[in-house]
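Right, I'll just put the structure down here and ask away after.
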């Protein structure tokens, strides 16, 4: 299976600090991958390098085998690399409908059309509505995004990233800040995403990680520490020592055993 | 859960289509405004020279609202395009000598729009670098360099004495500009404003326009959904420049004169003030702001020719302290209360 | 040649004293105060009134101009400006332009539209020869005064407790608040001090440029240029930017290159061209730090 | 009930708006309106204030009757921006039915109005702007101020006579400045002198130092200066810093530099400076003594300058023309009546050249001296009946 997304010797420095240290990483199509690591391990930096928000100091990023290291964010997005942000990045003055409509019209390369009214393309509107309804946003689709409850905003953050049907989706702590009762919904939605879409989940919540991920990478001090199937990583004593709270790991191992 | 959601789609699509249509719909205050604007020419023909200034200023403000209110580019040098358009149209009308293609007002507007659009496109690459303060100063710097160039190139522009002998031909080959009938000039400028307003309104409601609002709202997210942010901003800046050029051309044609002050700093500063005064990113704010600003000035200057600036300043200060979003903020609040709906989106 | 440099430095030093307060307000509170020039004008007119009505010398006019404008700044900051910190930049622009308009008309009403001239004290009148170059005493005084002031500012910022708190607040006001620094008070004091400096600069400059009610509008562009080129994160940035612009402006007017037999007056272009070029290659200013980490 | 009230209110509002916007429909046949457009705010405000004060003084002294009609003056502020000047002129003519328009603080403002004056056949009396070409822009333009060549030529000739061979000129870079520069340079060159450099400073320029330094470094016999009214004080401040006298460089200029309005503020540094101009508040004549006394009484703290006499004489010309046409306000007749008109103004004998509609007047060479603790331009030599040299040269060529 060829990789949809991979990196080669990726390095990012901030002054003297090495935030990403020589990471070579590869993600097969349809992967269900989790990226974990202690606070300050450089997870968000790594995601920013993958999505193009930050340029690498050295090394390369490949999307579908193509070197995209110097591509801007939008170009990677257009070529099937989508992401959510740890802190919601939404258009507060838009409605969810408009937001998804916009994302779709960009995905259909109709975003620069200036001589027709937005919302006249039936395919886009239909698709937008169906995505919104799938993500339980149908009843609030005409409301102002800024006025939605946080949980709904979090769903919309995912909806925007999912709408263009990306090949790779990077989910940066999708459940962060979501009240306990609504986490389950987010997880269900993530689990129900199309099989062929490669997913990378950056998460602290081990429940979520072990329920979702088939493979796991552990990032410590900017470098890849351990990589492998979820069950193996969980059993790896080094991981236990370096990262996972002993009790938590035991709990999961106990559950798995 | 997904299954149930799929079953529940009945009516969602048509509701969505209707929502989009409703949002772009013309509302009655808009019709009222335009009818009133055209009616003014017939009710108060004698004040049409002032109205003509308002219409030109409104178009100029509209052009900045596209750049500032929609593309989010803070420009303190938009007067560069206004002045360039004025000189282009003025020089053309001078070359035509009152007849023929060169003096044709419509031709003058088109050429001014094309030249300013082109120069706007080129300068947009400089402007897009940096944040607010940087953009402010780059636009300002470019405008000041333009002004200095026009001053230096006195052989072409007439320098500080102004450009003499601007003779625009008949409007559409039919009606002659006649200073005894300022309403002709007003109707001409207002028609141009109206047409360009409709175009701007259409563009703002298009996917392109929505993407501009998105960029202004959150450029990071806009990039992450695949919007080529810089290219869209290039486009918006180009459009704003072309519009400003047309406004300048209208001034040159209707006053048959171009002087260096079309390029002066105060034009750029005033128009920015007007857009904020009217309400940023609303299109109508530009028009209402221009009208309010000019009429206020006219009233105050008549009442106290030396100290009107004080009262104008006071109004600006009070408006910021007590109202959000300029005049349009005030108006849309009132409209929402009248129709009993929430704020218009 | 040396005289050109001398004049340029004097001009640049003045620009710095006039603009430094604005740089700090912009950097600290992210507040665009276009009315900064109005404080400078106020300082200038205070000096004029002190000298013309009360017959005091400029030496007394300077501290009074500083104190009165600082008090005025503190008063306006507490009553008006404080309400605007959360408002969008554009509304701040409209508000402060409104203040400028009011100050222009107000000064016109009380002081008249014609330019006012400040007499240089007898002891600073005339020139002295310095190695064959004749230097104007007053400009020399301006340079010395501003240099001492700049040094004092720099020391004050780096050595005092207030200075370190101010730097912390400029760096990241949220973090500073978290550390228990009273950012509100720091800002009020800084604003007052910056306004006072502008007033001082206005009084100093009134003896070189003439002073009229259009002053805040005429100089607004110069202030903004200094800050855009110098950046807002340090005070050395605006300082070097001021000197650079002062010298470039003076030299640009002094030297008129001849191209193909035509004298080309570049004076009008120099400052703006430098600014645009600087900003194209370093959008955060010559001495500013890149935003973010 | 409610609806009725609202409608009545709306109607009232409309009526109010209508009266506010419509021209004063009724005007009596026996009123002549003079529309005066001046920069009352902005950088040239002082010009507007002087002229407005002079016009008020004139009407206070001579009454408001001329040619059997009541003369009503309407003053408008154009802030010094050309398109506003033009619009105001248009409104004054079309709406207020002004029979004469006047004022015009700067050259482009006067030029912007020229086409309207021609089309409407309404006399435009230029009370301030001084570029030579203005009167050629319309046959309805008449000037009561001065032209720069007119004011410059005498000082150039004076310089030649006083053995000045090498000069540097420094003028403000706009129409009048260039006029002054050309005239001065031409006169010097014709007489075998040498112009070392011609410097031009931008119109909006707070810093003259580099230009002055350059002039000093060139070591001429004399430095010739021109700046518009209002900038003289700033320029002279910086001139005094440079100590030109020590290098043996004479500083001369047109009287715009030692503008009466600001002269007292310039300090002793300007003592002895020699300029040529059409008016000095110190002009020794009974007419001027009365004028200065009355002006200063009506405007405490303000000394009348050359702009003010331009306004005062402009009104005198309009009154005299109306008297001559016996109140006929036909523009062509008024302009005809103005041509060749001559009278004694506070500045001395003046007349309107029937050929060019420009003013013919004495130009005086003056020296700044202290009198009763105040600085004045004291006239010591007169060049009588100077025509605008620019147009005279053109006429000679024909």
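For the reader, a short list of remarks on this structure follows.
We just call them A, B, C and D in the order they show up, numbering each chain from 1.
Convention: contacts are C-beta pairs under 8 Å (C-beta built on N, C-alpha and C of every residue); 3 or more make two chains touch, one makes a residue touch a chain.
On a predicted model such as this, the values are computed, not experimentally measured, just so you know.
Excluding chain B leaves the other chains in the touching groups A | C, D.
A centroid comparison over C-alpha atoms places A as the chain most distant from chain B. When every pair of chains is scored by its C-beta contact pairs, the maximum goes to A-B.
Centroids of chain C and chain D (each the mean of its C-alpha atoms) stand 35 Å apart. If you average the CA atoms of chain B and of chain C, the two centres end up 33 Å from each other. With each centre defined as the average position of its C-alpha atoms, the distance from chain A to chain B rounds to 41 Å. Work out the mean CA point of chain A and of chain D, and you get 73 Å between them.
Contact with two or more other chains is made by residues 105, 108, 265, 268 of chain C.
Listed for chain B are residues 148, 151, 306, 308-309, each touching two or more other chains. Looking at chain D, one finds that residues 41, 45, 49, 173, 202 touch two or more other chains. A list of each chain pair in contact follows: A-B, B-C, B-D, C-D.
Within the complex formed with chain B, the residues of chain C that make contact are 26, 32, 80, 83-84, 87, 89-95, 97-106, 108-109, 217, 221, 224-225, 227-228, 232, 265, 268-269, 272-273, 275-276, 279-280, 283-285, 291.
Within the complex formed with chain C, the chain B residues making contact are 68, 74, 126, 129-134, 136-138, 140-142, 144-145, 148, 151-152, 265-266, 269, 272-273, 276-277, 280, 306-317, 319-321, 324, 326. Interface residues of chain B, counted against chain A in their complex, comprise 1-2, 5-6, 8-9, 12-13, 15-17, 19-21, 23-24, 202-203, 205-211, 213-214, 217-218, 220-229, 231-232, 235, 345.
Of all residues in chain C, those touching chain D in their complex are 3-4, 7, 11, 105, 108, 112-117, 119, 126-127, 134, 136, 138-139, 207-210, 212-214, 218-219, 249-254, 265, 267-268.
On chain B, the positions that touch chain D within their shared complex are 43-44, 46-47, 49-50, 52-53, 148, 151, 159-162, 164, 179-180, 182, 251, 255-257, 259-262, 301, 305-306, 308-309.
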